[in-house]
Structure formats: structure tokens, C-alpha cells
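Both complexes below contain chain A, partnered by chain B and then by chain C.
Our next item is the complex of A and B:
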């Protein structure tokens, strides 16, 4: 893959650039949250249900307890991005490990690992995530672990397919003849060549992870002492007849963030395979 | 369709034979998966702090120590772990999923009681997603590269990024609170004593918003798949032949391309079913629909792990059953496929 033309293809894709811009803003907001809003976003700071643009101190208004919506939103970005990245990273790591071992060794190991993968694909992911969080106890970290444990099957299948085709190649035979160990061949020889499609799948997993996190925290299974977008939406449920913006605003933040991640992912896919991109 | 009743009967016999082979093979594949689900469930039960008896005692507000020990012995919880696993599997084989501590009823009957509501939501969502997805996908593929196509694709990306539960809340605000067109929650009007078609209509009205919130993401997915499938088939040789014969664009699109492009989507129906079932947890919670999704949520909140794992097991069985049906349907629709 030609490095420069890859960058060129990505940077001429308007959707991808828009996604990258939004995503950068969300990341910046998450990183700068303690500077922008130093206090606890769950503190009551104003009159309850101040509408957006009504009071300049609270540009997006306050919720039913009088907590600053904008502060919650910015701090919520931390939880969403943390869970999205950690869960996707964990899922890809597990997937690579399972898929590489299955594809490389084949035989009964492959058979056993594929049955395991099939099992995880059969149990509805969200229900399994609920069970895992129920066992580990609610919290941001257990939510991230639970999402990773229900999202690794895609990367595992892709990695296995790549390994199945790559292990037949001559460079693998060559390093086997040189007497390299299995670990060296798997991680140093084959994996670097198999990585591109796995990384492209990564953006899809991050997007899905952020959506699952929002649903779990909406159901109250994340850390109750930390602001999350899902929790803010749940908080707005009690007042949505009179003040629907309390639920609407954090949901819109989820939508924008996931959309940005998807757009960047699409841009990466199209730039990586210019021929199979959109016609 | 058929030339003679004789050939019809032969085809039916052929299909039945293939279906039996397919059924056997799929069941043989499903057994290890079911076993692994059960072993996984058992592991989670063991990993969770406290066991079933602790949950009972907590629910009963404490208990006599000797009685607790007797209960443990009765449940086999004083046995070695491997014996406990055997007991657990043996119970599961007979579909004995134990008692729900939270609701004081057998887990199986709780699930079966709630299942019809979830199945109704699933069916309406699949129908909606499949129908609208195919329509939009065909429309986009026939205008590939034009502004309408780009608009449909962009809309699809936005829908894909929308959390279903939030969409549900927003739809409630618009259609139930502001416009008062549709009911706010539940599966039917309580104590309405409606019967026959009136009751069906009432349930249908209750299903509109939950279906839309659950299925819209899948509309986007099917739309993209359908578009890609249509474009692929459009490029094949037999379409060129059809064009050369002078067939109209409409006829080519609907009679030649669509049937071929729609086949792979049938498999997707099965693959997506698990995700859809998972999505019903949060949608049923938003709309207060008494289905197994909401039951799972109640189980988590009420710390009833046994009930939750019962739902995990039953939902896995449901996913296996649906995939089996989809496979049979697929074999029926596409005779070229030898039960791959």
C-alpha cells in the first residue's frame, strides 16, 4: 500500500474529514473536561430545568436536579470514549489471539476455538453483557470488560481467515525452514500482514461499543458516581413531558460521536481498497 | 410453476430428504454450542459472589444456619464442583432452570409467559427492517452514484449511529406525548377487555413505536446489503443477456436482479436475530413491554442471577432455532445450495 496515496485518498473524502473533525472535538472535550469544568459534573449548581440558552452560565441548560448539562456532556465523553476504546482494544486483542491460534494450528485446536466463537455468536451479546456486568458488579471498568467479551468474535473470524490463507505462503515456509518458533511465525511473520482488515473492523467495533455502553449506562449498570451519556438520558426520562431536551441532548452527543467514528472507518476502508470502495 | 404433479412430488421428496440431512447436521453442530453455553452459565454462577442459597436467604431476610446447610445439601452445593456441573447440566437437559428468587416462580414458566410478547416484537421488527431495507436498497442501487443514492446512504449512516433506546424516547415525546397518536407504553391497553380484531389492532398500535426504535438500525443494515447485492448482480453476464433481449429496466431490476440479490439477505436474518433479541432488552425497558428482554433487566436490577442465566440459555436456544428455520428456508429458496 502506497503511504502517500493512502493519505491523499483519505483527505479527499469529505465524509471522512467531517468525521475526523467531529471526533477530534469530542476527544479534545473529553481530555480537557477537568480544565473546562473543574467541579464534579454531578454537583447541583443551578436552578433545576433551566432551558438551553436561557442562562449564559448553563448554555445547554440544567437537568431536573439543577446539574449543568454541558458539564455532564463533556465529562460523559470521557466515559464513552474510554469504554469505546478499551472495549474495542480488548475485543481485537482477544480476537487476534483466538483467530491466530485457530488459523495457524488448525486441526482440533481450530475446531474447539471455532465452537467457542460460535457459542459467543449464538448467545445474544447484550444479554450476555448484562450477565457479565451482573457478576462483576456495575462500573465503568466492568462495562468495558463485558463489551470486550461479547465483541471479539468478528476480529477472531477475520484473523483466522487471514491466517488460513497467509500460512500457505512461501515466506512462512521460509521462516519455518529457518527454524523459527510458532510464536515468532505467528506474531512477527503472519500477523503484520493480516493486520489491515482487522484494524478497519476496529472502527466498527468502537462505534458498536459506544452504543452498547450508552445502553448499559441507560439501564443504570455503569458507575453511578460518574456522568455518562446513557445515565443523563435516563435522568431525563422522568421529565420528558415538560423538558424533553434533558434526554435529547446527550442522545444527540452519542449519535454524533458514533457517526464520526463510522465516517472515519468508512474513509479508512475506502482509502485502503480504492477499487472495492463505493461505486 | 410446475410442469406436472409428478415432478412436483419428486421435487418435494427431494427437498424433504435434503431438509432432513440439513436438520441432522445443524443439530449436531448446535449440541456443542448448547453445552458450552451451559458450562459458561455454570462458570458465571460460580464466579458470582454468593450462591443461589445466599440469594434465597437474603430474599427471605435471613435464615437458620442448620436449615441453610440442609438447603445446600438438597441443591448439591456441598458436592465437588464437577458433580455440581453434572447436576446443573442434567437439570438443564430436562429444562429445569430452577426458581426465580426475585419473582418466586420457576424460571422456565416466567420465560415462556413473557416469550410471546418478545416474539411479536421480533417478528414485526424483522418484517419492517427487511421490507423497508429491501425497498430502499433497490431504490439506491438503481440510482447508484446519483444524489438520491448518496442521500439514502447518508441517512443510513445516521440511523446506524442512533441509539435505539434514545430514538424510542424521542418517538414517545413526538407521537405519544405531543401528538397523542400512539400509546405511551405497554403491549396492550390494560383492563380494556378488547377481543378479536379490536385486540389485535390495539396490540399493533402498541407495537408501532417499539418496532420502529428497534428495527431502524436494521433497516440501514439491510439497505446497504441490498444495495451492494443489487450492484453485484447488475454486473453479471446474464443481466447483459437480459438487456440484449430488450427487457425493460424495471423488469430486469425486479424479476432478474432482485431475486438473486435477496437470497444472501435471508441468511443475514438469522445472523442478526441474536443482536435483535439483545436489543429488545433496552427497547422493552423503554416501552415497559413485559417480554423476556424486560425480564432480563428486572433480573439484573433484582440481582436474580439464576433467572438472568436462564434467559441467556433460552435466548441461545431461540437463536439456534431461528437459524435452523432460516437455513431450511434458504435451502428451499435456492436449490443450488447443498446445505453448506
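Our next item is the complex of A and C:
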């Protein structure tokens, strides 16, 4: 019954539905990229700086070297979504481990892990990501790792808070009495009940990760051999005044995608919490 | 037959097409005193010692502080005296006598003398400098009979024309009393970070990543100069921001194509701004693919020729260079009279031929359509080299060479290519400076120690090439010398140890407020002693 009403609450939220639609389109485009635009999206295929809608072979025009903007956009979605999902997944995984252990065991372990978390929280995330990528070398994987390493603190704190309250509950005492091990209690008993707010936070991290990835690749700290949205914006920066669309189109793609992810995340929050949902 | 396409006709054509505001510079006899010249600096070298690293990025700032014996000039024989007032070569070609300017003082108050010239020549230019190491390798001694005479003595006859042609780039004089018994090669050397010179401006302050401030030298040797109180180089990494700063009047000058070419064409139409390629005649660049011969694939001349066949320089000229430039036919640009020749092997844009050459060399396509992978390092200094890298990657992939771009910052790029040799291909913009023996043969002569930038760090060693270069460097007869350089150009284009692609001038954007600018063939590297603000 709870499951059904959750879906109902989500599906009556117009913003969330719009977000889901846009996000699905972006995911679909990313998945279909090799079919839609086989070959290298960085290939020079047409006259440089063809304007959008000028030549129907390149509906969104071409960049300074004559590379198809639409192909770059669709392939760039792969990089953005890959980084967004992997980074968020990694951040949640680290966060759950740290938060669960800290919240469940308490005591000095909790103290130590929370001080570590605070240390990470005090360092500006983007600067740390920048430094990490500079050390690891530019690339999609290193960008994903760097973003995961700077965004796990939120999930860690939420997980810890959930664990602190849940571990007092009867069902946890019951499994303890039954002689279950710590691992079983943490991952099979408490975690499933703590997951909802963590998943909601995950969507926020995806949105942030896409933005950080774009910023890093704008600064040239991504794999120069792959099409990414940030890189496309950077490439168009030199001709911004004469050919604004080279920067504006990938910029708009980032805006739409991040907006969609945020809308879906908000929808999830509202749906998971009926009281705020009825606002 | 089509009319011959030279750089000049092409640039004039492009400039003509770009708009009526790209007109010749206005020249004034004498400007008024005072004011701050705000300049955009889009790169920031590791140090400011132009005597060690003769590169335009260093000269852009250091040439206002440290001066050479002579500089380039329009008209006459193309050379005007600076710290030297005259020079007389001996008939046997084994010595040249310089008369030095008297009454010149270093910025710290000490007298400039022939001892400084002797020290700079023997300890800095000959031992450390990228061009000087080769040019002055036979320099035996510099005699200083008095404070204003320096006699350069060579072990072998050396063409005096070459030495004189070389002076603007290689003869930056540094103070002996501040360098003696120190390690001048350290970028952190106090004199390399805050040089003391004889120039019209003193080096006041450098905040890395922010600005360089030069102040007027009130006791400059040329009376009435300099006219400007202060030069402020603002470090601006973003081309778009530089273009915007031009429009808002925040900066008055940017050189070396600090704005993108499309933006420059647009700025040329803005009232109060001028855009041109004048002032770069003596420092034309050639976009060049540098090749690491330590890679066994690239040691094969057939592979290098295949790479050249895979490239369409016409497309590059139109897109990457927006028509500002000319297709390079060889290692010497068309303006390099009397040495330049078109009678060299040429390579058409022909991907089928390129693939055939690679097959012949034994590098067949794998299952993924690729033959082998190469690491490609485009020089980050210029938009043109970065974009050439992007183009090159795609051109090479088309013939089955999987080129992977690696981006570095400027010091990292220089270290990786010229010291560590951690590259397969690099894209460079290499300068032609007046005479092949100054800037060009160093790229082909073997035996340069690792760490000397813009020289043969390519692992290329060909005894025949070395012999040709050495002969030409000591040939005193002009006609014979030219003949040797024609042979040199033929051999370069046959072997393609590195691949010249496009010869291009840079663009300057300058406000109408700036007076007396771009009046020498290498003006961004000149002393700017006569510049004033209206």
C-alpha cells in the first residue's frame, strides 16, 4: 500500500514528471549515441561554424573545426551521465559505509569517522576535485573518482543520523537477541529502512556531479579525446561574440539535464515524505 | 598557372577582406610623457631571462628590461644599434669587433661595460641559450681591451651576416656582477625572477597569475625616453575576457594573437581599436609537428611522410588560422630571402597515399581500424597550436593512427617535450628569425642536450644533415651559403624529421590611445622606449 501511494504521489507531481521526461530523453540519447552518430563525434565533418538550422545535415550547426554539434551533444551526454551516476554511486557507497559504521557502533569509531567527515566538509569541494584530477591526470574515470571523493560527506551524515535513531528500535533489538552478527544487522535490518532519504540525496549529488564535471572539463581537466559538454563550451568561448551557439547549446544541455535531475529528486523527496508532499 | 600565393598577398587579402579599419598604423614623431600602458599577457613563463631562453613569451616582458646589442628595424639593413653602437667583422671571418655604448648604467646603478658583454657571451649565450649554444659554439673568447670594446674571437670562420642577423634574438646582455658564480639556469634565481637590466623600464613587481609591473627607468641612456610611466601586464588567460577588456578600454594592447582570430576580425571594426599583423615581420611562426624519433614507428620516414599526406593544410589555413598565414613549403618561410626555395619535395593531401605508405611500412590496420597509438601534445601557448592538435588528432585517426591528445600547462609542456621527451607527436609554433642558422637549423642538428627548448629534442640524428648544417654555419661566402641552405631545405622536406605546416603571423589589437607602436619587425619583443599614450 505504501509503495502504491508513493508512486501515486510522484505521478501527480507535474514538475517531477517533466523532469523525468527530460531525463529519460537525455538517457535515451546517451544510450543511443553510438547508433545515432556512429564514429567519432570529434570528427571534422562539415564547414566550420555552420549555424544551427542552416544545414540539415547538422541541425545544431558545427563548431570552429566543423565538428557536428549534435553528435558532440549526444556523445557528451554519455560522459556527463556516466560521471554523474558513477560519482553519485561512489559517493553514496562511501557515505553509507562511513555513516553506517559510525552510527551503529558509536563511541570512538563514530568520533574518528565524523572528524574525518568534517575535515572533508571544510575543504571546498570543487577545489579539492580540481586538485585530485590534476594529480590523477585528466580523464572521465579520474573525474568520477574525484567527484565521489568530495561528495560522500552528505550521505555519510544522513546515514549516521538514520542509524542513530533506527538502532534503538525493537526490530534491531530483536535481531540482536536472535544472535545476528553486526554485518547482518547493519546491512539486512537497518540499512533497508534508512535507504529512502539517502536515495533522494543521491539525485542531488548526481546534479552536482554533472555540474562539477562540466566545470572541470571547461577548465581542460577532462579527457581531451572525448566529447564533453564542458569542453564544447570552452571550445566556443573564443568565438562567443561571433558564434554564440557553440557555447550556448551545450550550456543549455547542462542546464536542462541538471534541472531535470533536480526536479526528479524533489519529486522523490515529496513522494517519500507525504507531509511535505501535501504542501 | 595560378599566381604564386605568398604570405604577404594572402595576409593583405585577408586583412582587406576583414574590414577597412585594418589600416596602416599611425606614426607620430614624439608623444607626450606619462600614463600607464595596460597590456594583456596571456602566458606566463617560468622566468624572465631572455638571455637564456630566447623566446617571444619571455621577450614580451624581458626586452623592456634587458637589452640586446642590436635590434631589428624597418629599412636600412634591417638592424639598428642598441647596446652596441657599431660592429666590424674581420676579413678572415674569425672575429668581430663591437663598439659599445658608453654611459649606460644597470638599474642598480653599476656601470655597464664590455665585461658584461663578455660574461653574457661566454657564460650565458654560448653555454645556456637555446640559439646561442649552436650559434656561438665556436666562440673561443671575448676580448675586452677597454670598457667599450668587445672583440668576439671564433675558432672557425663564421659568416658575419649571420652574427649580425642573430643579434636581436641572441644578444640579450645580463649583468655580470649579479650572475657571476651563481647558477643562472635556476628559474628561481633572483635575477631570473626580477631581472636588473639596462632597458627603458625597471622590473618592479611580479605576482604570479596576476600581473607584472614595470616602471619607467628615469636614467635610461636614450635622452627623453621612455615616455610611459609604467607598463602593467595583466595576466589574462581567457581570450574572450581579453577581447572584452579591449572593448571596455581596460587594456590598451594585446599581442601574439591574445584574442581569437574571429574576435580580432570583429574588434577591427570597433571604433578606437586597430588590428594588424604588422610588427611581426621578423618573427613569423611556423605551425610544426614535432616528432619523437625514439618511437620506432616514427623513426621510419615513410610513416612521417604518411602523416604529412594525411593533413590538409588548406583546410587548416582556412579554419584554424582564419586565412591569416600561408601554407609552409619547407623549413624556411617564403619571406626568408635569399635562402627560400620552392624546389623541394611537396606532399599532397592524399589519405589513400598515406594509408599505402603505412601499409608498406608494415603497420597494418587492426580489428578496430587503428594501426598504432600516439601521444599528441599540442603546445598550450597558442590557440593555433591547440586547435591544430584537435585537427591533427582527427586527421590521423582517419588513416588509422590513434592519436591521443594530452593537455599540459606551459611549463609542463616544455618539460615533457624538451626535457623528458615524453611525447610522440607535439604541435609547436616555431619562429623563423632572419637566418636559418639562428632559429631553424637548431631544430635539425643533433647533439643538443636535453632541456634546451625549441631545438632538436626529437632524437633525430643524421650525419649528412649535421654536415650540411655545420658547413653552412661556417661558410663565409654568401652565395655558397645560400646553396647549402637550398640543399638543407631539400633534405628536410625529403626526410621530414619534423613537419612544417603553416607559416603565420600573429595579430595585435591596440587602442588608438597608444602612439608609436608596431614600428619594428619584432615590435612585441622590442624595448618600447618610444611608446607614448595620447
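Quick note on the criterion: the second predicted complex is superposed on the first by the 276 of 279 C-alpha atoms of A that agree within 3 Å, B and C clash if a C-alpha of one lies under 4 Å from a C-alpha of the other, contacts with A are read in each partner's own complex, and residues count from 1 in each chain.
Please note the rule applied: a residue touches a chain if its C-beta (ideal position, glycine included) is under 8 Å from a C-beta of that chain, and two chains touch if they have at least 3 such contacts.
Computed from a predicted structure; not experimentally measured.
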item	value
Touching partner for A:97 - first (chain B), second (chain C), both, neither	neither
First, second, both or neither for A:65, with chain B first and chain C second	second
Which superposed partner A:207 touches (first chain B, second chain C, both, neither)	first
Contacts of A:233 with chain B and chain C, given as first, second, both or neither	first
Partner chain in contact with A:43 - chain B first, chain C second, else both or neither	second
Contacts of A:241 with chain B and chain C, given as first, second, both or neither	both
Chain B versus chain C as contact partner of A:254, first or second or both or neither	first
Touching partner for A:126 - first (chain B), second (chain C), both, neither	first
Chain B versus chain C as contact partner of A:220, first or second or both or neither	both
Contact breadth on chain A, by residue count: chain C or chain B	B
Contacts on chain A seen with chain B and repeated with chain C across the two complexes	220, 237, 240-241
Residues of chain C that touch chain A when the two form their complex	238-240, 243, 260, 262-263, 265-266, 315, 318-320, 383, 387, 390-391, 393-394, 397-398, 404-407
Contact footprint of chain A on chain B as seen in their complex	29, 32-33, 36-37, 40, 44, 47-48, 144-145, 153-154, 157-158, 160-167, 169-170, 172-173, 177, 231, 274-275, 277-279, 281-282, 285, 293, 296-297, 299-301, 303, 305, 308-309, 311-312, 315-316, 319-320
Sites on chain A touched by chain B in the complex	15, 115-116, 118-119, 121-135, 207, 211, 214-215, 218-221, 230, 233, 236-237, 240-241, 244, 247-248, 251, 254-259, 262-263, 266, 278-279
Residue ranges of chain A in contact with chain C within the complex	40, 42-44, 48, 64-66, 138, 220, 224-225, 237-243
